[in-house]
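After this come two complexes, each holding subunit A, first together with subunit B and then together with subunit C.
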Partner chain A sequence: MTDVLVTGVGAVTCQGYGAAALQQAMTGAVAPVPERIPDPGANLRHPLILRVPGVAPGRGRAARLVTTAVSEALRDAGLERRPWPGRVGVVIGSCMGEAMLHESGRCAEDDGAGWRPTFRLASAVGEWLGAFGVNTSISNACAAGGFALCLAADLIRSGEADMVISGGVDAYSRVGWASFDRLGAIDPVRCRPFDRERRGTILAEGAGILVLESGEHARERGAIGYGRIAGAGWSCDAHHLTAPEPTGEQIVRAMREALGGSGEPGCVIPHGTGTRLNDLVESRALRQVLGARTGEVPLYSAKALVGHTGGAAAALGAVAAALILRSGTVPQNVAIGEQDPECEVYLPVSGPVRLRTPRVMVNAYAFGGNNASFVLEQAA
Partner chain B sequence: MTGDVVVTGVGIVAPGTAAPTGRSGGPRDISSTGAPSGRSGGALDGPSAGVPSGTSGCPLDGLSAGVPSRTSGSAPGGRESWFDVAAELGPRGYKYLPPASQYLLAAARRAVAAAGGLEHAAPHRRAAAVGTNGALRAYFDDVDAKVTGGHSDDLSPAGAPYFAVNVLSGRLASEHLLKAFSLTLTSPRVAGFEAVETGARALALGRADVLVAAAMEHGLPHHAPGLPMEQGAVAIVLEPRARAEERGAVVLGTCFARAGFAPPGLAATSEGRRRLAEQVERAAAELGAADAEVYQVLDGSPVSRALEAAAGAVGLTVRPAVVAGGGCLAPSLLLARSFVPAERPRLVITATAEGNFALAGARPAPAHRESRAPAHNESPAPAHNESRAPGGRSPSGAGSSYRPPQPTGSQPC
Partner chain C sequence: MTVITGTGAAVRGVHRPADLLLDLLPPGGDDPVTRLKGRGLRYKDRATKLALCAGGDALAEAGLLLDPGLAVPGESVGVVASTNYGNVDTVCATVSVIAESGYGATSPMMLPATASNVTASWLAISYGLRGVNLTLCNGGTSGLDALHWARTMIDAGRVERMLVVGVEPANEMVERLAGPVFDGAVALVLESAGSAAARGARPLARLDGYARRGTHGQAVAAVLGPSPAVGLWCAPERREVSQVDGARVHDLTALLGPCSGALGVAQCVAGAAWLGAGGRGDVLASTTGPDAAAAALLTSAGTSPATPARPATAGAAR
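Moving on to the complex of A and B:
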């Protein structure tokens, strides 16, 4: 089977610009402090956000986040010079797209265009890159970035592309934040997955991008990869619009499919949003998959550090996984009050731990019961 | 790579074509404003596998043209008068779903019934891939108004999950126990074709044994000013040929889709023209039918013009361009209606100003093509709201060009 390598990463989060900033934040393990949404129209119970700093107001906020991350990922992959050889695709996941285009008072209402599609972020990246080739927008809510990466890997494995720039992005949208608020899914304190006192999540802005290449393509240009996509599993609960299926049957299936015959992971980056039921179901599902080793496989809870970035979440999880693979170390998690005794997972908080097995599994779950798991492992 | 995937069921729900019980065949009913009106009509005829009848001869029958006013086509509460939710879906549990969700469920029910059900595959081998651009725009308008003018507490908690468009696909998955996966594609205008392409690829890679590929939209006039309004849904059941034949399913034909991208600023360059020509030629070769026709859903953008020029060179019969609406439904509707009795193989192409373009080919099964009544054996008339330049394209495909959409009125087929 065609090898799919990760040869470049880019990240934009509330912790700053660049994978280096993310790495530094991971090492520091300091919880970010949510701020009040700077939108006078956001009349919410908990108008909290973890914003990407320094983005000028105006149209196309999500596009600016994602193109910034793409730019970094290309530099990281040594792909500054164009034209690139081979067939290049773009697959971007986003829950909300450029929703601000249609929200009152958030941008110029009418630029004369007859139709302004919301999900134009992959198109924006393609136009910015001048890239002919596959260009796909996927909107599987908070798992969108994970599905995007899996689709990108499929494109390479099926021989339809040699290289795909893929990941996820979401920026502030009044509708998205308000809907989460109405669902009672916002923690008024901070994002604290697996904490006994967790009360929901904190929505955040962010973009995570990975450059995926076929092994042959990467080797031909002498690229050094972070690792390879070793497996991917998809499933759908077909159960409830928002709540996970309580037994976790389908998320277990997705994880097992992703792990395939490659054995257990050395680290798991869980979906772990901080909502009560999701963290509980995921913990129990992990115990089903990891069995007696559950207490030995460290989790790295990325959302405690960067918030819940929606469609970017799994892509940023993948960036974190790449950084963990390269360093060989699982950073300590952002400290929580007291771990929920019902969430029986290993969440190191007192210091970094060695990555015993060079294989990291990333979980991505979403409203609509959409589940994706994928595994990054050290390339041979 | 999409492997040998066949179509075993098609379902269409769109203005003037939806009917809970009757067979299609009645005249299309379009109000003077261009809005659909009156009762639902039949999209599908009965047990012969849910083939859209297309009796009016217009492949875009049911999509309203022009600029209908909201009130002319909408029931109280923003519900569209052309769609009878209780008759289509049942008296309970569906009334308050977003309209696009209702259309999707109704279209999928028809497609699944036509395919003989999905029980031949275990739930974890059934999948969904749904394309949309604006399924929830009306909901977003409503939420935004309530939050800016009031408070998030004013939102219905039952409606709040619908900020995420994939929830509509999830509702479809719940109804048919589609547990293999559920994908929601949203690329401008080509998302419906991407649902077919992505779904077929996933089938070929063994991620599922059967898939419902769909497109849905619920556009309102102000969402795409001056463009045809898109409301409705299309669903197509896809499965590997070997599996369909093994279970004795009626194979309606084959279809494929290929989506691509041409940077808008580069579409008219020699490189852009070359790339687009390659895509069209490849799709035409894949279709492999000298008698095929090319249908176009275009928006007058540089990418559309470049694609149209490329299509003109393939040697197939090229139909005049249909004006694209604000969504991805029109191309998918053309694709779904390609399985009309005795229809010729069809290549549908579409593009958008953002740079996305796509091509989809449909080839009805020979037996299916030959077995239908002559009454259905008519070529589709020029599609509604078609645009032809003076001295425009002949059926042979020579010398046409795009003309911007007219802001008012409709042109019945």
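Moving on to the complex of A and C:
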């Protein structure tokens, strides 16, 4: 079996630029304060957003976020110099793609550039990098980043690519934000997964990128990785367009498949959006998977720190998992009010805890009942 | 080894998948979505309705549909939908409503349909397909790319079979943004040969090769061996590409109009019909996009593999 290593990471979130900024924010565990969407056309009930700071105004915001994260990940992997050896692919997940660019293209402010496909981000990265391998856009809604990473790992395992730049990105779009707001899925206060008083999520901008390489490719160039993609499980609820299947049968299947027969994880980064039903179903599913050890396996609730970044969420979860593996410590979670007694999971909030088993499972769920779980673990 | 065990088409004037081999379709014909009955149709976009028709036909021909339910565990069947313009109508209509009347005027029932994976999701919900659920919006090569991802999912051991659907809807929004495209859906069931044999399904054709490269010539060369025996070439939308010696050239774009993300799937449905009816030689399918080209080779299900088996990626394994 071909080993798939994570040799570089890049992150852009409301907490700033770079995995180091994300690590610092994880250590600080301070809840970000949502701001009012700076878009006069966003006439929403809860016009809240966690924006990436300092992005110059202009078109193609999602492409700029993702290329920034890609740059960092390549630097981190020691891949600044080109050409790179081997076949390089690009797989990028996104929920809304470049929807705002698409929207503005239909307005009077159109610059005449004509049709701009929404899902152009993998192409943009591939063109920018000059990467001639497989180039694919994954649009599996809010789980897109997770599916993208798993597909990237499959490409390496199947021998289609030696290295894949993979992850996810989402940026503000009026249609994306308005849809969640209209569905009543926005918390008017902040993103507080597993909180008894949670009322929804806070949508956020972000990009998470990982450089995945075959073990052989990484060894040949002397790259030191964060860890390896150990397993991945996918399933589909086939139940409802927006609501999770209440028994969690299929998300349990995805988690068990990801974990394989090799035992429990040392930490779980849940999908945990802060919507009432998602957190409840995921908590119960985790209890089924982890059994009596549920109370001992720490969860790291990334969305409380960076909001719900849509198609970037699982990719940023994977970046956080890589940082946790490297540090050997699960940071304390952003404090919530009172943990929902129906969400019986271990959510450390009073301080960091040691990562007892060097394996982190990341969950990603989406509209349409799309479920992906994958495991990052320390490389041998 | 992966084989095609069922095909379907929901295109006005196409009564069975083999009609995709015609040089001209009869004018008129019923709108295929009139076949759909039951509740909830009001909140499904046209691409989804077309995909449900073609997808259901492919599952039925493959012997996977019972009434009701599936003949195999839902977990063993995945979906990959290829569409470049699938829900553009819903997205544009929603944006327009928000711009003109505010978000409060939007329908919560339609908002989930602004996510581009809505068609694949409805296929899963409607037919109980609980395996991998993917949506590709990969430009001109998207349809053949979808076949490739379906095969990858089977080789990886994630599922035993995949429903591959290519769909594009013709409507005012798409025409305004991208020009005219064909209005329809095509579908096929791709399955591991072992799974097909175990349940006694008759393979129509075998997927023997796929390549995505920078140019059409490179992609075609990658799937054709040193002595190709192509009997049917389903040609790409743009034909400034070299000919394939000795092959009948079939232009589905001339037959159906620009098929965009559905073209590669339509080519393979037509190719499976050709091979299933005992057509001579192999079937080459090729598509081109602005940044890449893709090619696939279908062979008779009765011939021996031309290429060595791909290594299992066993995505779930460690």
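Miscellaneous remarks
Criterion: the second predicted complex is superposed on the first by the 369 of 380 C-alpha atoms of A that agree within 3 Å, B and C clash if a C-alpha of one lies under 4 Å from a C-alpha of the other, contacts with A are read in each partner's own complex, and residues count from 1 in each chain.
The rule we apply is simple: contacts are C-beta pairs under 8 Å (C-beta built on N, C-alpha and C of every residue); 3 or more make two chains touch, one makes a residue touch a chain.
Owing to the predicted nature of the structure, the values given are computational and were not obtained by experimental measurement.
In this superposed model built on subunit A, subunit B and subunit C take up the same space, so to speak, and clash. Once the two complexes are laid over each other on the shared chain, residue contacts for A:236 go to subunit B and to subunit C alike. When the two complexes are overlaid on their common chain A, residue A:23 makes contact with neither subunit B nor subunit C.
Contact with both subunit B and subunit C is seen for A:95 once the two complexes are overlaid on the shared chain.
Using the contact criterion defined above for the overlaid structures, shared-chain residue A:127 touches subunit B and also reaches subunit C.
Applying the stated contact rule after C-alpha superposition, one finds that A:147 touches each of subunit B and subunit C. Of the two partner chains placed by the overlay, subunit B and subunit C both lie in contact with A:178.
By the document's definition of touching, of the two partners only subunit B reaches A:104; subunit C does not. In the overlay built on the shared chain, the residue A:368 is in contact with subunit B and with subunit C. Overlaid on A, the two complexes show subunit B and subunit C touching the same residues of subunit A, namely 41, 43-45, 95, 97, 99, 102-103, 115, 117-119, 123, 126-127, 132, 134-141, 147, 151, 154-155, 157-160, 174-176, 178-179, 181-183, 234-242, 250, 253, 366-370.
Contact residues of subunit C toward subunit A in the complex are 74-75, 78-79, 84, 91-92, 94-95, 98-99, 102-104, 106, 108, 111-118, 120-122, 124-125, 127-139, 145, 149, 152, 155-156, 158, 177-178, 212, 214, 291-292, 310-311, 313-318.
Against subunit A, the residues of subunit B that register as touching in their complex are 1, 123-124, 127-128, 133-134, 137, 140-141, 143-145, 147-148, 150-153, 155, 157, 160-171, 173-174, 176-189, 191, 194, 198, 201-202, 204-205, 207, 223-227, 259-266, 271-272, 275, 325-326, 352-356, 405.
The touching residues of subunit A, when paired with subunit C in their complex, are 1, 41, 43-45, 95, 97, 99, 102-103, 106-107, 115, 117-119, 123, 126-127, 132, 134-141, 147, 150-151, 153-155, 157-160, 174-176, 178-179, 181-184, 230-242, 250, 253, 257-258, 260, 262, 366-370.
Subunit A contributes residues 41-45, 90, 95-97, 99, 102-105, 113-115, 117-120, 122-124, 126-127, 129-142, 144, 147, 151, 154-155, 157-160, 174-176, 178-183, 234-242, 250, 253, 366-370 to its touches with subunit B in the complex.
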